[in-house]
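In what comes next, chain A is part of two complexes: it sits with chain B in the first one and with chain C in the second one.
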Partner chain A sequence: MEYDENGVSIVPFELKKEIFEEARRDFRYEEYVRGCLNCGVCAGGCPPHRFFDFSPRIVLQKMKSKDPELIWTMMDEYVWACFQCFTCAMICPFLNSPGGVIAILREIAVRRGFESAKKVLKPYSRVLLKLTAYGNQLSPDMIQPDFFPDWGPHIGYASTDLAVKRKAIPMPTLQVTNLAWDVAPEAMKELYDIFDEAGVFKIIESVDPSLYEIIQDIVDDVRSS
Partner chain B sequence: MAIEIGNRLGLANVKSDYIHAAGRKLEDIHDELLELEAKGEVKVIHVKDENKPIEAETLFGWKKKIPTNKLWHHKSCGQCGNIPGYPVSLLWFMNKFGIEYIDERNQTSCTAWNYHGSGTSNPVGLAAVAVRNWHRAYELGLFPLFHCATTFGDYKEMRNLLVEHKELRDEVRRIMHKIGRELVIPEYIVHYSEWVHVMRFEIAKLKKYDLSNVIATIHPACHTYKMIPEDCIYDKEIYAGKRTAVSTGIALALGAQVADYSTWYDCCGFGFRHILTEREASRSFVMDRKIRPMVREAQSDVCITQDTGCTTTLDKNQWIGKAMGYTEQVPVMADVMFAALACGADVYKIVQLQWHTTDWRPLCEKIGIDWKKSEDEYDAYLEELKAGGKTVNLYEYPAGK
Partner chain C sequence: MAENILVIGGGPAGLNAATMLSELGVKVTLAERDSFLGGNPKKFKYKFLFPDMQPADDVIGKLIKKAETNSNIKVYLSSEVSDFKENGKKFDATIKSPDGNETKTFDSVIVATGFEHFDPARDAKYSYQLFDDVIDIKDLERMMGEGNFVRPSNGQPPKNVAFILCVGSRDRHVGNQYCSRVCCTVSVKQAIELREHFPDCEVYIFYMDIRTYGFFEDLYWKAMEEYDVQIVKGRVAEITSGENNTVICKGEDTLLRGPFEIPFDMVVLASGMEGGPQSSEMAKKLGLELDEHGFLKPQNVTLAPFKSNKEGVFLAGACTGPKAISDSITEGGAAAMDAYIYAVKNH
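What follows is the complex of A and B.
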């Protein structure tokens, strides 16, 4: 992708049009984008609207405009501000779902391996690894004081004698430190087959090829076990 | 319309005979699902008599059967790694009531936290993971009970998409056949907090402590009542049926005062990706939009949540507020943990509050719980385990699992 002197990406109009068409072809699009009164109720209730340059009303208005140029302006950092809480969808009088539109646009951004998506998701790679390789997400051993200093001095409690503290939890599934629960290999293998068939591994590859390699090594090990 | 206000602090137990109307064309997906089953398109995991269902009403007055027995625990990939007292408290209650259930290793994450945080999946992937886990419950003859709000929201959405889109059903069915499973859909998608809600009067019979001087503020998880909002429990006797009744219902049943605050509808600031990689946004939201209003407006003694992400976000992000001169603090725990405390569960071994960051000891002292005794016993228990002792479990794996 080319960039102008201000670091803004230069892309042909055809690509912008393609992206808009890709969003509109999503089978959820008609359900998420309906009439819009521009009433702003969604923005009034939107949490990130208070902290970022982000408005679900603008998301809807741009999609309704059908102008690929306007939709392209949301494809960089804009779509990544949304909290995905769906407050907008709950309170919209017309049953629009700006949060749902954001999900579609994010999917396109990662599927096409946009630099903005790669940059935003880089610090998220450990979570992607846990989830994709082990079918789990936040694990006890991820809660480390050096990674969460802003969570206060007590956070060190979780990393001290972690194995014995997890052993003391009276549910056998939870008596592990490297996963939220001890996922059976047969469950992981089924998850890998689903990811293969649904194209999830390909998505990871497009957004983080190095991470994809690491995941594939783990997947191969589990599959051959 | 009869209105009765009995709570000096807020609207939690305002009663009304008002019923929401859909006000727009919105089909009850449950009926459409049964039509598909009649055509042989899908198999349905029904709520049967053996599940001992209790009926509740949803937003538009539709009926929802909440199974209370023969359950398959679908754990949360956030909660189990970080807030273990939440599933443990739930199992503790189920054991008290003699409920049959299975908690096993053969379950994956719903993967929706990741999807909403990173976009690195798609509807086929999400729906196939959902059906995979639903089918596991089905083959065991149990009804799935979802612990996580995001799982609950995502699975409601996937059920709706599967019912409404044949192409998605066909694709998911193809993938299920590849992994030796079938396309099955539960009759109802049920969150653990709904189980707590319909069991609240039974739970209240186990109460050991007087909670009448405890002021609770409620933070329901967005994905329970904002995703597919029509499929969430409302009750005409709680918030006059205008807000979801879940979690408020159990606090009221236990005799706590439920106080209102101006930012009740706000999210917690979790943001899926933000809590991990853009934490400034999350922690600012926590303090400015949730914790400070809860403390300043309601003098809250405890913030009651339902869920993984909210509990983590609201609990962990209070300490850093001191950097901004914020002194407001309130302990945070899921509804079932609060209920377990009230019913005499051990603070450390069952409710597992030791993992929480914001100080919960003043709450225990206000209730009359001797947390120090519990701490001493827990420390001794850890020493026993270090010396090779065996864990006293609430549950053991079924043979061969």
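What follows is the complex of A and C.
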């Protein structure tokens, strides 16, 4: 990557154009982007619009502008502000789907391993590791203040004395902190097949190469067992 | 013997068509579904009409009087065309009225069955019928007509009022892609009337585009310059209930504020016009074509806007699409001419 005198990365126009075309080629594009009245009703219903400098109306307008420069401005943090709740798609008078456009752009960011994608997906690498290793998505030992800061102000307290707290749960558990339930190896193998088919492993490889190596080892182990 | 022409619908368009034909010496049968003449302006007691605030009673009253006092026009109220058949180049129609059925042969027919107001309850985001203080422009028009200008919830004068434009129009979700043409001007007119009536009441208009086309623009400028109406660009996404018996409009001010949530005493929805069930009923009964918007379809919108697809059957007024009273009256006259020519040729 090249940088200008202010330390801002210089992104060649060709790359921006490529990204725009990749989005336009997406099989969902025609369905998600129709006309736009610039009415703002999507933004009016959009939860993050109230709190951030983010608006599904702008997403659609930028897409309709066909200006690769404008679309590029959304590829960094912007697209990650969306909750993917699809209220916008539910109320847009044109039946556009700004949330859908964001899904397309995010997928491009992930496939291409953009920094913003890596940053946003970082906490989820632990989830993916847990998932591929044990077939569990979350377990008590993943509750840590450094991760998932959006889990609220009591995360610090919640992450202490896990083993004791686990025992206090008034129903049968595995009595461990690294698992919520046991998953059969057959189910795990099936899960890997699905990940293969859906391109999940490829995505992990581009967003977090070191995680990918660890996961590959686990997958090989389980598959050969 | 004089020509016989059937006019279906006694709103502004049908009334003018009937009157003009009668002045040519034609025997006119005017069939009206309601128990009174005057169409929607009468039904919803419009008080003052845009563009120049003439009392609606003067305009519509004059039209009604002309039709009622003309011996060439026979008016059938609370009636419908129950049977319709072609008879060579003419038409046999049965008028079903409280006095019984009457079948006559007509040389030509004018359909002027008008429009229906969009029912805002069909768009759930506006909470119409959920909150008393969310009304629409036809409700407000009627309230003004009845001299009853207050908040429905408590009978008090409102401290602030919001108009929301394009309700039921320009929205694929409700199935209406078209613009209803009059609702911007009606809203601006009503905003002025509210400010006149309650000088301390703030009035907002939330819009996507203000379409006070042609000279109607004068009203829009007047609303801003003389009446200080707040014009905000952005469509409201949701109406919820707020503190102190208010209703909150939530949306994006696309030019100035960004996201907003503003509590109002009253919200007025600018609901649009639809072809209504009568358009498809006429289409079925008379063999006419409907357009993709649910209105009756002219043979050629530019060249023959008052001819239907059926020879001898003509169209006038809001049954072919949203329009103002002046246009409806003009069309009534134009369709009368077309219907007269056809009748004379085949009489």
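One rule holds for everything that comes next: the second predicted complex is superposed on the first by the 167 of 225 C-alpha atoms of A that agree within 3 Å, B and C clash if a C-alpha of one lies under 4 Å from a C-alpha of the other, contacts with A are read in each partner's own complex, and residues count from 1 in each chain.
The rule we apply is simple: a contact is a pair of C-beta atoms (placed from the backbone, for glycine too) under 8 Å apart; a residue touches a chain by one contact, two chains touch by 3 or more.
The shown structure was predicted, so the numbers you read here are calculated from the model rather than taken from an experiment.
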Which partner, chain B or chain C, touches more chain A residues: B
First, second, both or neither for A:G45, with chain B first and chain C second: both
Touching partner for A:L37 - first (chain B), second (chain C), both, neither: second
Chain B versus chain C as contact partner of A:K17, first or second or both or neither: neither
Partner chain in contact with A:A117 - chain B first, chain C second, else both or neither: first
First, second, both or neither for A:E186, with chain B first and chain C second: first
Partner chain in contact with A:R57 - chain B first, chain C second, else both or neither: second
First, second, both or neither for A:L95, with chain B first and chain C second: both
Residues of chain A at both interfaces, chain B in one complex, chain C in the other: 45, 50, 95
Residues of chain A that touch chain B when the two form their complex: 27-28, 45, 47-48, 50-52, 80, 83-87, 89-90, 95, 103, 106-107, 109-110, 117, 120-121, 123-124, 127-128, 131-132, 135-140, 142-143, 148, 150-155, 157-158, 161, 164-175, 179-184, 186-188, 190-191, 193-195, 197-200, 203-204, 207
Interfacial residue positions of chain C with respect to chain A in the complex: 125, 166, 170-173, 208-209, 233-238, 250-254, 258-259
Parts of chain A lying in touch with chain C, wherever the complex brings them together: 37-45, 49-50, 55, 57, 91, 93-95
In the complex with chain A, residue positions of chain B that touch it: 24, 75-82, 84, 87-88, 91, 103-109, 111, 113-125, 128-129, 132, 136, 153, 161, 165, 167-168, 174-175, 178-179, 181, 222-223, 225-227, 229, 265-267, 269-274, 276-277, 279, 281, 283-285, 289, 316-317, 319-320, 349-350, 352, 354-355, 357, 378, 381-382, 385-386, 391-397, 401
